[in-house]
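Contents: one structure, followed by commentary.
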Amino acid sequence: RIMRPDDANIAGNVHGGTILKMIEEAGAIISTRHCNSQAGEPCVAALARVERTDFLSPMCIGEVANVSAEITYTSRHSVEVQVNVMSENILTGAKKMTNKATLWYVPLSLKNVNKVLEVPPIQYARKEQEDEGKKRYEEQKLDRLETKQRNGDVILPVINPEPHTVGYSQSSLIHLVGPSDCTLLGFVHGGVTMKLMDEVAGIVAARHCKTNIVTASVDAINFHEKIKKGCVITVSGRMTFTSNKSMEIEVFVDADPFVDEPRERYRAVSAFFTYVSLSKEGKPLPVPQLLTETEDEKRRFEEGKGRYLQTKAKRQAQMQQAAQQ
Amino acid sequence: RIMRPDDANIAGNVHGGTILKMIEEAGAIISTRHCNSQAGEPCVAALARVERTDFLSPMCIGEVANVSAEITYTSRHSVEVQVNVMSENILTGAKKMTNKATLWYVPLSLKNVNKVLEVPPIQYARKEQEDEGKKRYEEQKLDRLETKQRNGDVILPVINPEPHTVGYSQSSLIHLVGPSDCTLLGFVHGGVTMKLMDEVAGIVAARHCKTNIVTASVDAINFHEKIKKGCVITVSGRMTFTSNKSMEIEVFVDADPFVDEPRERYRAVSAFFTYVSLSKEGKPLPVPQLLTETEDEKRRFEEGKGRYLQTKAKRQAQMQQAAQQ
Amino acid sequence: RIMRPDDANIAGNVHGGTILKMIEEAGAIISTRHCNSQAGEPCVAALARVERTDFLSPMCIGEVANVSAEITYTSRHSVEVQVNVMSENILTGAKKMTNKATLWYVPLSLKNVNKVLEVPPIQYARKEQEDEGKKRYEEQKLDRLETKQRNGDVILPVINPEPHTVGYSQSSLIHLVGPSDCTLLGFVHGGVTMKLMDEVAGIVAARHCKTNIVTASVDAINFHEKIKKGCVITVSGRMTFTSNKSMEIEVFVDADPFVDEPRERYRAVSAFFTYVSLSKEGKPLPVPQLLTETEDEKRRFEEGKGRYLQTKAKRQAQMQQAAQQ
């Protein structure tokens, strides 16, 4: 679809959240179709996890996004989908890769949303594809358990914070879940949640560096719990780490099922977003360093540095490998 | 309502699809109101057909659209509505006619969507109005049968197409039908479908000529089958014909009721859109000629030429008539 | 236009904010048209104030809103507009008055947004109409000055609040101002701001009483300062008063012009919203009493009680007057 003014920030760069929402919609369609391809109980595929994804180049207003999706692995109860986004300037014909993402879905019964159904197996062209898929499946399963523990944390308000401290840029928004946010089952689309998360992370980043900012990457996101229509969700973000030219923001999504349900507020999703600041010519700008004050902030900064260095090392290894081939 | 940046392309011209959507909403309101004006089973008017319509002058961001609708004929089971769209520049006060359209609706029972109810007859000021209406009714009925046959065609992807060929500009999008796309009966509003069709046709036209393009006219559209909430619809478009200054694009809408229904994908709507390319001053530009390769493409080009010459002849006849009066 | 699922809460009642947005759009169109009706500098009418308005009966999904607007007074630099909203059930044909509102606009030059232009005078049918209009004009001018002083207040976060305290239900959201939120001058439409205010007030009310709630009335709203495209706005609400069957919520809108402007955050708008809680049959339910803790909270509760009693007395006087006629 064509990118519109509302899909973009004031500098004309399309929000990462808009792209994440399109990716998730494509993933949900292909996996729902696959899971209903054999006779049996009708179901809807619900997003369980998105793997780490990099935004390779910013998309602009007026460009057309081409989204393609393919099922790359099936376990007994889950589907792995690979989604590619190409942006095309229809005036010049130029195309570039914007984003590649891997998503995991589970089929939930239309009749009973708490029942996970079985996934029809796919055929692999080569045996290795199945083995590699299985390895990815095991890895993400482990990681999902880990993040569940990190989730207890809460973002507390700070009164009269200094510029460039964590408290200064932290932000939160509330959103009442309406019908168009939801799937047929009455639960929020994963893509809607990711769009709101990107919105908050973007505001945190802009408050910190007061320039035009764009999403550079998103860490793996796990969807621990479904969010129902009529809930109020609170999406909050705080900066955890800055390198010379990037900012890492942690985002939490909490759901408040306050109408006609006795349940307490719960943590539904959490993730790390990385942003860069761009000059008017689209070049990355230096970012003011984050001032950490409390012990927790210092610890989170160090953890963020760890993730940053690890990603950097991985990317260098990949580039070396590519150079040797 | 005021036209917003989201309603328009990057040159500020309002999408034909936005106007079609407003027209259909007005038509649905007036015909639903009429069909419920007598005691009896409550019903909702569903769009069956839109007659060929010309976009007389482009509308711009910031202008106000005034939409007025009138019922001009009723048969036993259908209502003909005439809708006029005037655009008003509220800064200068200038008004101009943007579009006139004729739509046909049928009343479907709220309790049983497969039951078509009877339409209360309207009073005609003059007997001739009724006769002319009846003639229009018979004509559209014939035409509806004809297009039903053409519907089998499918748009297949082409790999590495040359510029200006049919394969080069053909495009498609998928859309998951959500609650706000639907009427009270849970079926997609005709206006929503037409907006998506215009979006695809616009992308095809822009890919072909790589300039600012606007909708010039839409051929009669027949809505053969309803599309239900939860369906995935695929909207695909391909260029069929180019004259010196216009492009004709054929658009298909296919519905995939993949959840909870055993039904196969089916063709729901098809139509021809005509686009023109505009210079920065708003003057029509020459269009690169369409390169036809296969026999089918050549045949469709000739058919398109037929429609083009027929429309041109009709318009000239009307202008002569107007000049003689 | 037809009310859609997205315009309503889960019980099917249309959000007061959706109605306020439609009212403001109608007011902006008619007053911009009027202010440009004489030769001179082109201008856009900006919302300066909305008088207190009552929601007389809830509107539902599927109903059609008919909005009509009329200019009722002009001073040298401002226009008073009266807007009426009727809701129509197109299935039964039943119509009822939903809302009457009075809005004040000022014409700002298209070339220089800081320049307020002169308003062409309207003709009054009777001399008394002009006198009454002048009286309303003087009253609102006074009131605008008063609220400007109240504006210093800030809503501070509360950690681990008890149910039914002020801190328990207070809420805030952030919103990045995009192109479709804005007028031709690049400033947020008053109606967009009011819709966000109603959204926050509704969440505060629902958090307090955990039932289906609807907007009953909105106190006069003054728009002290314009909000520019690209700003982040923070909309925060806290409960100030509860009667047996109603809740009063104070809402603040603060603007943060953080990108490419050196300006500090400023208070742009503030207002009081009154909500009632409805049973499944649409009857008003008793509301849990607000627990006030601090001196400020107790003072605000008493002020709210004053407004409540004043409104109640006014309404009784009007009903007696109506009964005597």
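The chains carry the letters A, B and C, assigned in the order they are written, with residues numbered from 1 in each.
Just so it is clear, a residue touches a chain if its C-beta (ideal position, glycine included) is under 8 Å from a C-beta of that chain, and two chains touch if they have at least 3 such contacts.
Small disclaimer: the values here were computed from a predicted structure and weren't measured.
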Graph class of chain-chain contacts, one of line, ring, star, complete, other: complete
Copies subunit A and subunit B touch via same or different residues, half shared test: different
Averaged-CA centre spacing for the pair subunit C and subunit B, given as whole angstrom: 38
Centroid distance [mean C-alpha coordinates] between subunit B and subunit A, Å: 37
In subunit B, residues with contacts to at least two other chains: 5-6, 179-180
Residue ranges of subunit B touching subunit C (in the complex, touch as defined): 1-2, 4-6, 25, 28-29, 32-33, 36-37, 42-44, 61-62, 64, 88, 90-93, 110, 179-180, 184
Residues of subunit C defined as touching subunit A within the complex: 5-6, 9-10, 156-157, 159, 171-176, 178-180, 199-200, 202-203, 206-207, 210-212, 229-230, 232, 256, 258-260
